[in-house]
Amino acid sequence: MTIGIPRALIYWKRPDFWQSFFENLGCDVLLSPKTNKEIIEKGVKSADPETCFSFKVFFGHLLWLDEKCDFVFVPCLKTNKEKLEYCPKFFGLPDLAKILTKTPILTETFDERKEKFEKTLKKLGKKLNKSRTEIQEAIKIALLKEKETKEKQKKDFFEKIKSKKPKIVLVSHPYNLYDDYVNLRTKEKLERLGAEVIFIDEIPIDETRNEIYPKFHWEFAKEIMEKVQAILDYDIAGAIEISSFQCGCDAVLKEFVEKEFKSSKIPFLYLIIDEQTGEAGLQTRLEAFIDTLKS
Amino acid sequence: MKCYLGIDVGSVSTNLVLIDKENNVLFSLYIRTEGDPISAIKKGLKLLKEKIPENAEVVGVGTTGSARQLAGVITGADLIKNEITAHARGVAHFIPDVKTIIEIGGQDSKIIILENGVVVDFGLNLLCAAGTGSFLDAQSFRLKIPIQEFGKLALSSKQPTIISSRCTVFAESDMIHKQQIGHKTEDIVAGLCQGLARNFLANIAKGKNIKPPIVFEGGVSENLGMRKAFEEALKEKVIIPKYNTVMGAFGAALLVKEMSPQKSKFFGFGVIDKDIKCTSFQCKGCPNQCEVIEARIDGKVMARWGDRCGKWSNLNMNNI
Amino acid sequence: MKITFAYWGNYTIAFISLFQKLGINVIPPEKTNQQSIIEGAKISPEMYCFPLKANIGNYLTAIKKGADTVFMVTSLSGSCRLRYYGIIQDKVLSEAGYKVNFVILNQNFIDIYQKLKKISGASFWQIVKAVYFFFKKLHLIEKLEKKAQYLRPREKIKGQTDQILRETFPQLEKVRNLRELTKLKREIKKKISEIEIDSKKNVPRIGIIGEIFTVTDGAINFGIEEKLGKQDIEVHREMDVTYHLKKIICPWKDWQIQKKINPYLKSTVGGHGRDAIFEMLNYTKNNFDGIIHLLPFGCMPEVVIRPILEKIHQETGIPFLSLSLDEQVAEAGINTRLEAFVDVVKNHYNNKNH
């Protein structure tokens, strides 16, 4: 049995976990390719014009997988371990996916206010006719794999932070940070301009953080705000926030991220990306931003 | 001979069509509005007056287009109709079983879905001029190729260039880039046509049930490259009807004929020489602060509209 | 302390009297218009949704007249951006140099009661009486709006109903006690009974669904109900304050709605996303002739469910029009769409009945 996973949006929240989980359940996993022009065009054509760019990219990946596998995996993510909500647009994702594809959608609702993550996973595994022990084993391996990556990330972070180059923090959602086509290789561009790039995602946080203001009910917002405060303890040269066009949550979050950096006198650049963003325009802005750091 | 006149005043073009009782087109005209609808209407009527058969009598006038209200007031129209209904009526006359109409004009574009000759669904561009003729206009200006030759050039392309084309501004920078890396002009032109078609389908026609027969009309339908681009994108044959550039006016004429007014309110050709002014003011009567538009012929107020409460538009009756 | 709040259609009248009854000095916002929207949008975050910008515009009109405190009712349990309206608006105004206090009220009765008590210093009974009066007025407003939806397409002299409403609402604003209210009610009843209507006339019916702020406030939706009524359409709209309050009091309503829409959407998406699907299904079942969906441009819940509404439209063939509203939308464009849509609806209606 082949399970298709769109390499977009929720995939990037736990990239190692999902693939490993299904593989260890004995399924073949078909991951959609890295985002490309064709995928974006497909997505833009089929998504609501007013929805966010990240959603359009997701639908492109979804349509790429259509009729190439037995199921496409689109979970409904509602709340995480801390009982904080995901983006409300995620809630409707499986139902919207169903409208677009011929291939059936494999889904389960992850709402940890009501049910433990492991329990939902078991329900998911049952849908694929797997036994309890098989599922438990698969979860264990997948979690281990995830932990490995996280630890390597932490080690890399402390290496990077020692660097003599000007350090720039990229603030965004994982689906923007790790998708090079979507962010137009911002990281590479910055590195070529002589900067050391740190993804907000990579910053480790200790448990004893102070309460942040405002108290967000969004998991990503709380995490990003905490990490922004954590990175302020280090010597960083500048910060860039990337938002998808029409991202409703970022309209809120940006106000506070910007405030944090600006009140610490750290230069801040805000970029909005969508399928229209041109390489040349981005390059110009990044160059200008790096120049302001030097002066 | 009894005739019916349809006038379509849009942001880019002003069209007039005169039909007789048997729906034969006696006169049709396509001129540029050039930002001055009043002059364009006057000019159109003047040209019509020169060409109109001697025994013709205008017994009904219908106006449509974004300046339909203004056109209606200054000509004394019997029917003021939105352009979607007018276009649909016009096309359905030539192709009775039409299911989809794609209309692309200068600054707006629309898709109309019909069943049994009746409109059941439609879409219009809302926020910007993407997916409209002005996109091609802007690029033809940049490429220094007259827009009339765009179509022929596009058809000669074997390998159209892909150009990011939702927004005129972004398309321009992408085009410069593609020129730099040596793409042929005809490929770029064909790419622009494909981009516009793609945009139209992704934005305006999103979620619409597109079924054949598909009709393509409006100013941009003159461009054969666009027809090809739509045929490729839709994988269906696309029909360009007769009178494709003046379809709105034709539809308005048909609609007013079907209404068959007892006695036409048409002012006659006298308005050509009259002094017509259109001004607007903000009503301070209530916090709505509506912008009220006022049309005067030779200083006399003919009509006011734009107010929500009817305080000004109801005055019209007393003044005329 | 002089308080103000966001304008919200005719309901604003009821809110003014609530504060007045509590002895709070209130400076009501001016009715939302193009100018106030532009002023609000100028200082608001560009990517934020439209109602926030319109609200800011409202506050500015009152701040100019001396208001120093803003009451903002927000939903601290919802999933959409409304949750952050209070803090973002506070931030926007203070960064633009306005010194105002922000009182953020959560949408629950205990929180509202406590904050009102603290600010007004009113006794329990005073608050109960003020709230009772508020609901009396609110109920009358909603009743009038519903009545007008029925009368407009049937009145023999076009515009008569709206003329009466325009005279009535300012009078209602001035009413200070229950006795005056009863008197005014009697007068309204008399005026309405004098409207000549063609009660046998069959007219097409359109259901309006969507985001609560855009569907209920005529100043935001360009008076869509009036416009449709003038074109002989009977408008129906479930979404109003009472509907909203009922849902807060009876949480199982959400459960009932969820049950009905399960084939289309299995989860909440925040805001009133589920309600729109539920209502569209209901209107379709009740043989309506068209659906108009209103939303602020980019509204997260409504944008998520729009493909589902479109699917219902494709499946059932009921005419459907979705209008996104924001500070950039021009009235002329809305008019063209409405006129064309009315033609579609009338065709649909005639085909169905002949």
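Going in written order, the chains are labelled A, B and C, and every chain counts its residues from 1.
Operating definition for what follows: a residue touches a chain if its C-beta (ideal position, glycine included) is under 8 Å from a C-beta of that chain, and two chains touch if they have at least 3 such contacts.
These figures come from a predicted structure and were not determined experimentally.
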Intersection of contact partners for subunit A and subunit B: C
Most distant chain from subunit B, judged by the mean position of its C-alpha atoms: A
Chains most often in contact, by C-beta pairs: A-C
Chain ID, smallest distance between chain and overall C-alpha centroids: C
Subunit A and subunit B: spacing of chain centres that average the CA atoms, whole Å: 45
Subunit A-subunit C separation of Cα centroids, rounded to whole Å: 36
In subunit C, residues with contacts to at least two other chains: 307, 324
Junction residues of subunit A - those touching two or more other chains: 48
Residues of subunit B engaged with two or more neighbouring chains: none
In the complex, subunit C residues that touch subunit A: 45, 47-49, 79-81, 83-84, 87-88, 91, 264-270, 273, 297-301, 303-308, 311, 324
Touch list for subunit B against partner subunit C, complex: 66, 81-85, 116, 118-122, 124, 126-127, 207, 209, 286-289, 291, 308-310, 314
Subunit A contact footprint on subunit B (complex, rising order): 162, 164, 166-167, 170, 173-174, 177, 198, 201-203, 206
Interface residues, subunit C side, partner subunit B - complex: 30-35, 159, 162-163, 166, 219, 222-223, 226, 307, 310, 313-314, 317, 319-320, 324, 328-329, 332-333, 336-337, 339-341, 343-344, 347-348, 351
In the complex with subunit C, residue positions of subunit A that touch it: 48, 50-51, 76, 78, 85, 88-89, 91-92, 94-96, 99, 109, 214, 217, 243, 246-252, 254-255, 272
